[in-house]
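The chains carry the letters A, B, C and D, assigned in the order they are written, with residues numbered from 1 in each.
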Amino acid sequence: MRSNYLARLRTRLYPVVFQNDTFAGKLFDVALLVVILLSVITVILESVSYLNQRYFTQFRNMEWVYTILFTLEYLLRVWVYPKPKRYIFSFFGLVDLISVLPTYLSLFILGTQYFLVVRVLRLLRIARIFKLTHFLKEGRVLTTALRASLPKILVFIGTVMTLVIIIGSVMYVVEGAENGFTSIPKSIYWAIVTLTTVGYGDIAPQTPLGQFLAGLVMLLGYGIIAIPTGIVTVEIANVNRQPDNPGLSSTALFCSNCLKQNHEAGAKFCNNCGSPL
Amino acid sequence: MRSNYLARLRTRLYPVVFQNDTFAGKLFDVALLVVILLSVITVILESVSYLNQRYFTQFRNMEWVYTILFTLEYLLRVWVYPKPKRYIFSFFGLVDLISVLPTYLSLFILGTQYFLVVRVLRLLRIARIFKLTHFLKEGRVLTTALRASLPKILVFIGTVMTLVIIIGSVMYVVEGAENGFTSIPKSIYWAIVTLTTVGYGDIAPQTPLGQFLAGLVMLLGYGIIAIPTGIVTVEIANVNRQPDNPGLSSTALFCSNCLKQNHEAGAKFCNNCGSPL
Amino acid sequence: MRSNYLARLRTRLYPVVFQNDTFAGKLFDVALLVVILLSVITVILESVSYLNQRYFTQFRNMEWVYTILFTLEYLLRVWVYPKPKRYIFSFFGLVDLISVLPTYLSLFILGTQYFLVVRVLRLLRIARIFKLTHFLKEGRVLTTALRASLPKILVFIGTVMTLVIIIGSVMYVVEGAENGFTSIPKSIYWAIVTLTTVGYGDIAPQTPLGQFLAGLVMLLGYGIIAIPTGIVTVEIANVNRQPDNPGLSSTALFCSNCLKQNHEAGAKFCNNCGSPL
Amino acid sequence: MRSNYLARLRTRLYPVVFQNDTFAGKLFDVALLVVILLSVITVILESVSYLNQRYFTQFRNMEWVYTILFTLEYLLRVWVYPKPKRYIFSFFGLVDLISVLPTYLSLFILGTQYFLVVRVLRLLRIARIFKLTHFLKEGRVLTTALRASLPKILVFIGTVMTLVIIIGSVMYVVEGAENGFTSIPKSIYWAIVTLTTVGYGDIAPQTPLGQFLAGLVMLLGYGIIAIPTGIVTVEIANVNRQPDNPGLSSTALFCSNCLKQNHEAGAKFCNNCGSPL
């Protein structure tokens, strides 16, 4: 009887914990979102030494509250999911585990101040909540466009990496250690800082020739930023143009004969079966 | 009799104060624009301590002239507007009130040097004047495009915020307080400075691992700027392509014969079936 | 007789000096280009105090050679041009005059070291030479696109100016003079440096609240750069799509009946007169 | 007999060394890629004085291993290629030679620490390997787009160079040597640093007028970055739209019945007249 009751409870809890199309499911997600955000804010504020000295006990207590809540939620998910192993070794299952482990480990391991920063990865848990909402379709447009531009972007990044290594080596020779270009890795770091137009100024060329070359690198960086922008823009436009995209018009119809989608604007005949549209 | 005269005056003043299609209305707007700009320039120059010490009295007097003019204008608007309460609690009504209050309050409250900066919000009053001009339609294209890209931009900003928090936390661990990354909030600040390619250089990684990670962040920031640009470009192109856009003609109609849409501006005959539009 | 000879010479020299479709005209332009570039390089190198101390006499002599050449050229242009006054008061006529005046004036006025920099404006004279070449059509595409985007860009710049003044005023209050934000103009300067992602780091927020606000400004600046890029991209695409653009296909035909150009891709009937294409 | 055997070997080795459509060819390329990357990493790490002092002997030995391998490969390529001279004086032939020369020369020439950096050019050899892979077509899209935008980009760069020289000269006069603008070349360097939004902050305007002008330059730089982006975006879109582009199908033909072009990839019937393609 009791196991029967538990089985029913498990079935009932599944849509609450893993979906959000019921009221209870939405409530669960909102509550989780709030706890996650509070816990991340706590981690961030805890790192401010001024606040940490003052409110050390409060931070520790709050952290234990979050950890126990997340632990209960984790156990609930493991119990409720039809195939627990699959959940445990899924991406979000591992993120859920990593979200609670550091606090428990801090009981046994000393000097884990930096180690606790891992808790900031709780932020990734928000992604699961958003995956269920209508923001997903916007994200999907971007993801599709980025995936389509990936090969071109890889070629671009490969070219930039080659450029940056060659520029870094040249500047290492031209400026030398006395002007801050103490090694090729550091010169490559400078080349990235310059080419991406970040420009910290912690390392900057001092010799006329170095400044001349740096000027060329800057103009180059200023120009080549156009390339990824162009690639991504064209791909977003492509995604937008396809009729299964929610941003598009409803005049993109099915062929009533062969059900082919995606007919060209202005097409009068289906280009798959030849019957009139 | 007299109240009758006042009622007529009120009716006559309305188009002068709130519209700009008459000569008097245009004159009123230009005069207002000049006074607003002068008053904002005064606030800005007043903050320069060198000038403030020299021309303290002049600045104070000019400020009182502007304040009295704006007060008269405010009372006029309240009186002239058919439903005064609605004006008073409208956005521009509140901006108009905020534009004059600080000066009066400075009579009663001491040490309000910084408080007076609020007067710079008078700039927002210019928006009302421009809302009446032909610049509006250009602004509307941009506003429409931005509103259409908002959901995608929000997804993008959410991703960037998550990235920036995780990057900031990692760099806090890698670099530590001795290299300026004294807390996670400060590291997040550094991550924003770097990812947006601003690069002040007040905080910069010193360890080889930190510089390597910073290089990755820069390349990432250099790449992801392509995303909002792509989104906005595609939406501006969409707005431009739509026939109700003022940048396109209003003759974009259906052909009554073959129902073809999107006819070229100025077209007299349908270019699909040849029948007159 | 002699004046007749001079008149003939004048007519013959016109295409040499003002056009470039003859061999002599091209030669004249190339020679002029070389002298302009040499003279600008001289001005630039002259400003390097190390070089100036060494080669002071050489620089002065070269400068006089250029000045005399440009003076002869200027007199030739005045003499050859059919309506000399029109040339003298044209844009390029004034630039030509400004190119030679500083050197003569330096004979009478002492301490004109900085004044001589005006000679760098000789660079503008190159524009005339390029106006005659095939680079013009590329430049025209850009100019057309920029002109078309101007009203939108103006709205954008107006918004950015308003933003920058308000942000600057807020940061002046938040950070105050002790952190380098000594006046509102300086704070506005900081706001521009930050919003445009230049980020010198000579003024940088020190308070947590200031750094938080600065982070928002950076993200804003990172986002709004998408707007002018979007505007210009769409306008360049528009210019490119028009058939009188050399970058375009040759399928854009004339209507054989009414000679209307610019028919839509796929049009079967002229949308001006209704006759088949 | 033996020369016959060698000739056969030569013929058999050609596809291994110069192509990658056989298994042996692929293996050769992967092995080469690994050695090139290892050798470049060695050059980079060697420049770190901390590592160089510790592992000097190891670095030198590894370098000789790479050099001997590359030398053998070079001799093999010369021997295998049908017209050796053509290979030796080709771009990649020269790069291959430059990859090995510095190490041998370092035996005879002393103090060549900086000279050895030339070995980093081995990176260019990777380009040959990638030229054979499917990344090529992505690279070709970018190359085609960049070549098409070249004339417009040149006009743009010419304008930027003129701007930068004029801005640099003006700032040299406004700020002067006492604020770091010691010469026009240095001011031009500052103008490039600012216009490209790099913003090191090693040279920054100090006078109010200088800061005002710098603000204008920044806004200008912020605006004109839109231009190359716009140019490249439009050209990438053009390349993407053309049917001979590998990103689009090769079925883009004319309809033999109505001559309509630009049929969708995979279309079997003309969508204008319904006849089979």
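Note that in this section contacts are C-beta pairs under 8 Å (C-beta built on N, C-alpha and C of every residue); 3 or more make two chains touch, one makes a residue touch a chain.
All figures in this text were calculated on a predicted structure; none of them were measured in a lab.
Visitor: Same or different, please, for the chain B to chain C contact, judged on whether over half of the interface numbers appear on both copies.
Guide: The interface of chain B with chain C is built from mostly unshared positions.
Visitor: Could you pull out the chain whose C-alpha mean position is farthest off from that of chain D?
Guide: B
Visitor: As a multiple of 5 degrees, what angle does the CA superposition of chain A onto its copy chain B give?
Guide: 90
Visitor: More contacting C-beta pairs: A-D or B-D?
Guide: Result of the comparison of B-D and A-D: A-D.
Visitor: What whole-Å value do you get for the distance between chain A and chain D if each is reduced to the mean of its CA atoms?
Guide: For chain A versus chain D, the centre distance works out to 29 Å.
Visitor: Taking each chain's centre as the mean position of its Cα atoms, how many Å separate chain B from chain D?
Guide: Each chain's C-alpha centroid was found; their separation is 41 Å.
Visitor: Among the residues of chain B, pick out those that touch two or more other chains and give their numbers.
Guide: Correct list: 185, 188, 197-201, 225, 229, 231, 233, 237.
Visitor: With touch defined as at the start, can you tell me which chain C residues reach chain D in the complex?
Guide: 40, 43-45, 47-49, 114, 117, 120-121, 123-124, 126-127, 130, 135, 138-139, 141-142, 145-146, 153, 157, 160, 185-186, 188-189, 192-193, 195-202, 225, 228-229, 231-233, 235-237, 240, 247, 266
Visitor: Sort out for me which residues of chain D touch chain C in the complex.
Guide: 148, 151-152, 154-156, 158, 162, 165-166, 169-170, 172-173, 176-177, 182-185, 188, 194, 197-201, 204, 208, 211-212, 214-215, 218-219, 221-223, 225-227, 229-231, 233-234, 237-238, 260
Visitor: Touching residues of chain D toward chain B in the complex: what are they?
Guide: Touch residues, chain D against chain B: 197-201, 229, 233.
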